[in-house]
Structure formats: C-alpha cells, structure tokens
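There are two complexes below, and they share subunit A, which is joined by subunit B in the first and by subunit C in the second.
On to the complex of A and B.
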C-alpha cells in the first residue's frame, strides 16, 4: 500500500523540552488513523510537523514522498483542521466556504452546503459572532468538504454538542466510503471514535507508545479481578499495564490475547475476566501508574 | 446511529455474527443481497475496512458470495452450516459453563437435567 507519510526518528525540541522524541511511523493511503495520548503528549506537535506548520529539530519527514516545507505539491493535498481553528474575525461563514476552493483542489461545494445545513450554521454570520461549537463546526465542514488526500483533524470538536459530534462521525464515514482518503483524527474522546479507526497511534511524553491496527487491539487487553494472590499468580509472566488493589482483591489489566487455557485457569482460580476498551487501555498505558512505562517496552 | 460493540472481541467478528443472525432469523433469505460495505460502515458507525473484514470472513466460509459489480449475496443452503456452527458454540458457551457452575453449587447431573426440562416446559 502507498505510504502517504513516512516519519523516521523525528524529533522536535524546544530548548530542553523534548516535545517529540525520536518518533518513527508510517501512514498508509486510505486509512483512518487515531492519534491518541494525553495533553502535552506531543500529538499536536507531530501534526504541526506533518503539515509543515513548524520545523523539525531532527529526523526524516516525508509527506507524499517529499519534504512538506514550502512544497506546494504536498501542501495542496493536505487539509489540517486545528484544535481552535481561527478564521479572520470579519469573515462570514459563507466567506470561509468561498475561499476554501482556492486552497483545496478537491473542494466539493455541494457537500459543503449540505454539511452547513446539517450543522445548522448561519451562512451570513461573522466568525466573531459564532459560538465555540459553531466555530468547530465550520472547521469540520471545511475538513470534510476539502476531500484532501491527507486530512488531519486535531481535536476538531471543542464545544461541539453530542448531536453534532455524532453527525460528524456519520458524515465522515459516509464520505470516506465514497471518497477514500487518509484521515488522522486526534482526540481525547477515544470511546466515541474507537470504532471508526483502522489504525491507532498512542503518543506519550513525546514518544510513540503504540502503533497497531485497531482490530488487533480489540480484545487484546483484559481485566482480571479476584483475590490478590490469585490474580498475581495468574498474571505472572504476562504484561501487566495496570494494577488496582482493593482490600484483599485486586484488579489487573493484562496485555495480550488470553488463550482458552488461560480462561480455564482463570475460572479455576475463581477470577473474573472482563474486556478493556481502547480508552481504558490508553489511559493505563499513558497513565500515571508508574509501572506503565516499563510494561509497555 | 451507533450500535455498541462488545469490547472484548474484534468488531469484524461481531459484524459477521450479526449477518449470520440475520440469515438465521430469516431477515436475509438465501440468494438475497447483503447491504454494501459502506452501508454497514454507516449503519454500525464503524470503519469500512472493518466491515469488509467481517464480510470477507463469511465469504471465506462460503456463506456469502460475490457477484462482480453487483454486490454480496447469501449463498444457498447456508442456514444449515450456520446452525451447525452455532450448535458447536452453544455447547462451549452455555453447556460447559453451566455444568461448571452446577458443580460448584453441588447440583447433580440428574437435577440439572430436571431443571432444563422444567425450563423448557415453562417457555
């Protein structure tokens, strides 16, 4: 499959702060990626580098096979919707829609107008008069209607209500089905988007913690609950990403598929096994639990 | 509309199961057309690649077949294949765990059989 983005040992340092530290990954054509991690993990910095908004400190970065900086050939194939996307204050919604085709060759005007109606955006209202959620909706309309071969959404839904977020997921999937393209979705609402993602990248402390197919991750972690000593004996030799003692009981989250034999022995030990959502997995891996770092190695 | 998926198993497996259920319940009769990948993706709010994987699972088992340029169809005589598969699963999922639980509670096999008969009568 064609690689849209190739990143090798990419770093971005601000003085002593290593915002992004030796990160390597590839993005393939026509997939939906989730870029997940805590605040300050380095997600936005990575997206800024991919879209040539800031310079890298070191490493290799290829987008559509070329360096993105000042490269029109690359940049006109990218659409980046930032967390708090800013448009000129005096612009009306329809002005934003009118200038967008200049930047995005694949712009679909009809689709944009349909989205404006879906999100109930007032076409004649100026940017400075829009609510926070409406501003986010404008960004989403631009991001979707741009149909850019590489579309990057960085927390696109600040202030957006649940109805509109759901609308975003629906429209994204519909349009992606008809016009496949590479989409990077960075978000904290992991539970909401986990079903949409084909591939997941987890960043923590500027490092890449996880780079895996979403379907492989599903069912790849389990919660084991029971008497502490029995839980310990069950999880020995397994990768434990989280431990929570509770009186004489203990809940442990283990990585890796459990075999039929594992399940049998869990039943014999009187342990309960439960599923772990992608969100919980990310919380544990990137979480404050001191053991998470070494377990993830 | 979003349908909650079970977090403990891959979504594509669950999609395949749901299609099998629809075939079992007669919602998808033999030789009828199955919704497209994109319809599945939109309906369940899942990634189209995942939907494709679920459908391919059934294609590999001969339950669905592809008509080039038209779409996916339910093959003839597959109800029996699915029923056979499900019976196997039924034993593992329900019977084995039921017998284990009964053992824990000191229920004898005879008592268990009686309970099953009682349950069947009350249905």
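On to the complex of A and C.
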C-alpha cells in the first residue's frame, strides 16, 4: 500500500496550549478514514498542518512523500474542505465552481453540475447570502467534483438536513467506487458515517487515542451488563473504557476481543454481552472523565 | 505558471471591484465637476482624478482579506498567490493608466469639455510626453495598490494589534523626523528639495518605494496562516 500521509511526532503548540501533541499516524492510498473526536480535540489543526495552511511546532510531516509547504506537487493533489471555508464576498455559487478547475486538475464539471442539481443550489446567488446548509453543500460539491487524490472533509455537513446528508454519503460512496482515492472525514456525527469508514483515528486533547481498522474495531469492544460484583470480577484484567453502575447493576464497556472462554464464563455469571457502536466507543474513550482516555492507552 | 494565471482569473472574476467600481467612482466625481463647470464660467482644475488612485489602495487592502484565505485553502501556493495578485495589480494599473491617457486626450481634443474643466489633465503630472505620463500614472497606481496590499499582508500575518503597532511605529518615526527638522531649523531646505523633485525623480522614488512594499508583502505572506 502506498502511503499518502506520514505523520511522526507532530505537535502544534499555541503558547502553553498543546493543540496537537506528539501525534503519529499514516494514511494509505484508496481508503476512507474517519478522524473522530470532540470539538477542539485537534482534528482541524492536524488537517490545517497537512495542507500547509498553518505551521507545525515540531515533528515530521510528509504528504505524498514530500513536505507540503509551498509544494505544488503536493498541494494540487489535495482538496481540503473545511467547515469555516471562506469565500470572497462578491462571489456567486457559479463563480466558485468556475474557478475550482483552476486549482483542482481532476475537476469534473458535469459531476459538479449534477451535484448542484441534487443539492438544489442556486447558481446565481452570492455566497454570503447562502444559508449555513447551502454553504456546506457548496463545499461538498467542490470536494467531490475535485476528485483530488487526497480529499479531506472537515465537518462538511454543518446545517445540512438529513436528506442532503444522505445524499452526500450516497454520492461519496458512488464516486469513490468509480474513482478510488483517499478520503478523510472529520466529524462528530459518528453513527451516521460509521458504515462508510474503513479506518478510524480518534483524537482527544491533541493526542491520538486510537488508530485502527473499522472492521477490527466493530468486534473489538463489548458491553457487559449484570450484577455489579459479577461484572467486576468478569472484567478484572481486561481493558475497561467505561463503567456505569445503576443500583446493584453495572454496565461496563470492555476493549479487546472476547474469547469463547470469556463468553462461557459470562453466561455462567449471568451476564449479558452486547455490541458497542463506534459512536459509543468514541464517546467513552474521548469521553467526559479523563480516566477513560488513559485506560484506553 | 498555470496556477498564477488561475489566481489572476480568480481575481478578475470579481469584475465589479477590479474593473467597474474604479470607473464608477471616478465617473461620479467627474459628473459633479461637469455640473459645477457648466454653472460657472471660470476654468476648473480639480483633484477629482485622485479618487481612482485612492480606490486602488482600498482594493489592495481588501483583496488580501477576501482572497488569501480562499485561495490558500483551495491549495494555491503562497508564492503563486503573490505572483498572481501582483500580476493582476500590474495588469489593472496598466490598463487603467492607458484608459486615463485616452480620456485625457479626449479632454484636450474637446477643449476641456467645452467648459474649461481640467479633470484628466493635471498640471505637473501630465506635462511630459505620452510615455512619461503613462509611466507616472502607472507608478502612482502600482505604488498605492502595493501599499494597500502590504497593509493587508501585515494584517494577515500579525492581526489587528500588529497592524496598530506598525502604524504607531510609523507615526513615531514621522514625529521624530518632524521634530528633528524643526530642531535643526531645516524646514526651508526640506521644502526646497520637495519642490525641486522632477517628475522623473518622483516616479523613480515611487518605484523604489513600491519595491519595498512588494518585498514586505511577500515576506509576510510567506509566513501567514489562514
């Protein structure tokens, strides 16, 4: 597999605030990645550094094998659509679509026009007059029609209604099937995208908590429910990322594959074992109490 | 190179700001002068032409704020953004200067619009040959454009407080200079020097100043974030 992005010990500090702290990961060609985490976790900062829009404090950063800063080879192969994308005030929707091919060599005009129809975008309206949802839709059109080898969507569907969000997922998958490329979806609407993702990165407090294939991950955590004492004895020695006692009962989320023996003993103890959705997992790992984050490492 | 053309095209997509507004502003100033000129019998020499030059500085300031974040996040290199924006400024300055010279010719040919209105012909600036007239128009325009561009670039790099800081330093420098001139009683020679500047020297001076702005803007934008 060709490595599209290689990040090693990447950090970004603002004074004493460590927005991104010693993060290392790799992105491979032709996969859909999910970059998940809470608001302010450092997702956007990482992507800004990948596209040389802000500068790293330390660490190594290679995109398509090269440093991205002022590097035409790298920059014209990336399309990064962020939630706070700014457009010149006087631009209309069609002006944005007209200048896009000047910066994205793989631009497909017909596809862009079809998407404009799908999202019912008014071509002649000025960008600053668009609603939040329409603004997001313009970003999605640019991101999809650019067909950039590395396409990054940062919270792409702010203000989009459910119909449009589904449309986005459908078009993304369809076009990805015909024109494979590397796609990074950064979002907190995890349940909605969890079926699309092939690989998951979870960030919290500027640190990388998880870097795992979505497939492995799906069977990699379980919810154990039963009498508190029995649950405790069952989970001892396992990685517990979340505990929720209620009354004499307890629900615990365990990380790691359960063996057949584990399942047998759970039955004997009268415990119920259920699956954990990706969203729940991220919530627990990046969740309210700081301890859970440490437990996961 | 294709990216630089792309950036020029992106700028000129905003035809209103770059190509139409300067002439709308100049046109309204001209219209007012024509009305006044037709009401009184004297010759009128006005500074109305300055409006188009000042507008160029305004668009220099505005364009960085509007287009830099947009183009950088569309994957333009900072260098290409700078080259493309400079090329746009040079193109618009050249085209506007030529247009001004043509209207100035019409003004002379119609005997100053028949009402003695010297609007596009300004004493001193338009005294020389066509080429020198073009050069001085072009240089003034480039100078103001890049001055605005440099202000926009300072703002991009260091934000609002940084911009205040730069202006405070400039104001201090001027104050000190004025104080020193007064202290050593040199206002006479200074004014003589200013009055003695020839058109040729003026345009050269502007060229040097413009290059300073260019270097400063490039240095700042290279390191500016979005």
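Operating definition for what follows: the second predicted complex is superposed on the first by the 296 of 297 C-alpha atoms of A that agree within 3 Å, B and C clash if a C-alpha of one lies under 4 Å from a C-alpha of the other, contacts with A are read in each partner's own complex, and residues count from 1 in each chain.
Here is the rule we use: a contact is a pair of C-beta atoms (placed from the backbone, for glycine too) under 8 Å apart; a residue touches a chain by one contact, two chains touch by 3 or more.
Not measured: the values here are computed from a predicted model.
Q: Touch test for A:196: subunit B only (first), subunit C only (second), both, or neither?
A: First partner only, subunit B.
Q: For A:104, decide between first (touching subunit B), second (touching subunit C), both and neither.
A: It touches subunit C, and subunit B stays clear.
Q: Should A:166 be classified as contacting the first partner (subunit B), the second (subunit C), both, or neither?
A: So A:166 only meets subunit B here.
Q: Tell me the contact category for A:51 with respect to subunit B and subunit C: first, second, both or neither.
A: It touches subunit C, and subunit B stays clear.
Q: Touch test for A:178: subunit B only (first), subunit C only (second), both, or neither?
A: The first partner, subunit B, only.
Q: State whether A:218 touches subunit B only (first), subunit C only (second), both chains, or neither.
A: A:218 sits against subunit B, while subunit C stays out of touch.
Q: Now for A:95: first (subunit B), second (subunit C), both, or neither, which partner does it touch?
A: A:95 contacts subunit C only, not subunit B.
Q: Is A:22 in contact with subunit B, with subunit C, with both, or with neither (first, second, both, neither)?
A: Once the two structures are laid over each other on A, A:22 reaches no partner at all.
Q: Just which bits of subunit A does subunit B share with subunit C as contact spots?
A: None.
Q: Flag every residue of subunit B that touches subunit A in the complex, lowest number first.
A: Answer in residue numbers: 2, 5-12, 37-38, 41-42, 44-50, 53, 100.
Q: Enumerate the contact residues on subunit A facing subunit C in the complex.
A: Against subunit C, the touching part of subunit A is residues 48, 51, 53-55, 70-72, 75-76, 78-80, 82, 85-91, 95, 98-100, 102-104.
Q: Considering only the defined contacts, which subunit A positions touch subunit B in the complex?
A: 31-32, 166, 169-170, 173-174, 176-178, 180, 195-198, 214-216, 218-219, 222, 267, 274-278
Q: Could you pull out which subunit C residues touch subunit A in their complex?
A: Going by the criterion above, the answer is residues 2-3, 5-7, 9-10, 13-14, 16-17, 66-67, 69-80, 222-223, 225-226.
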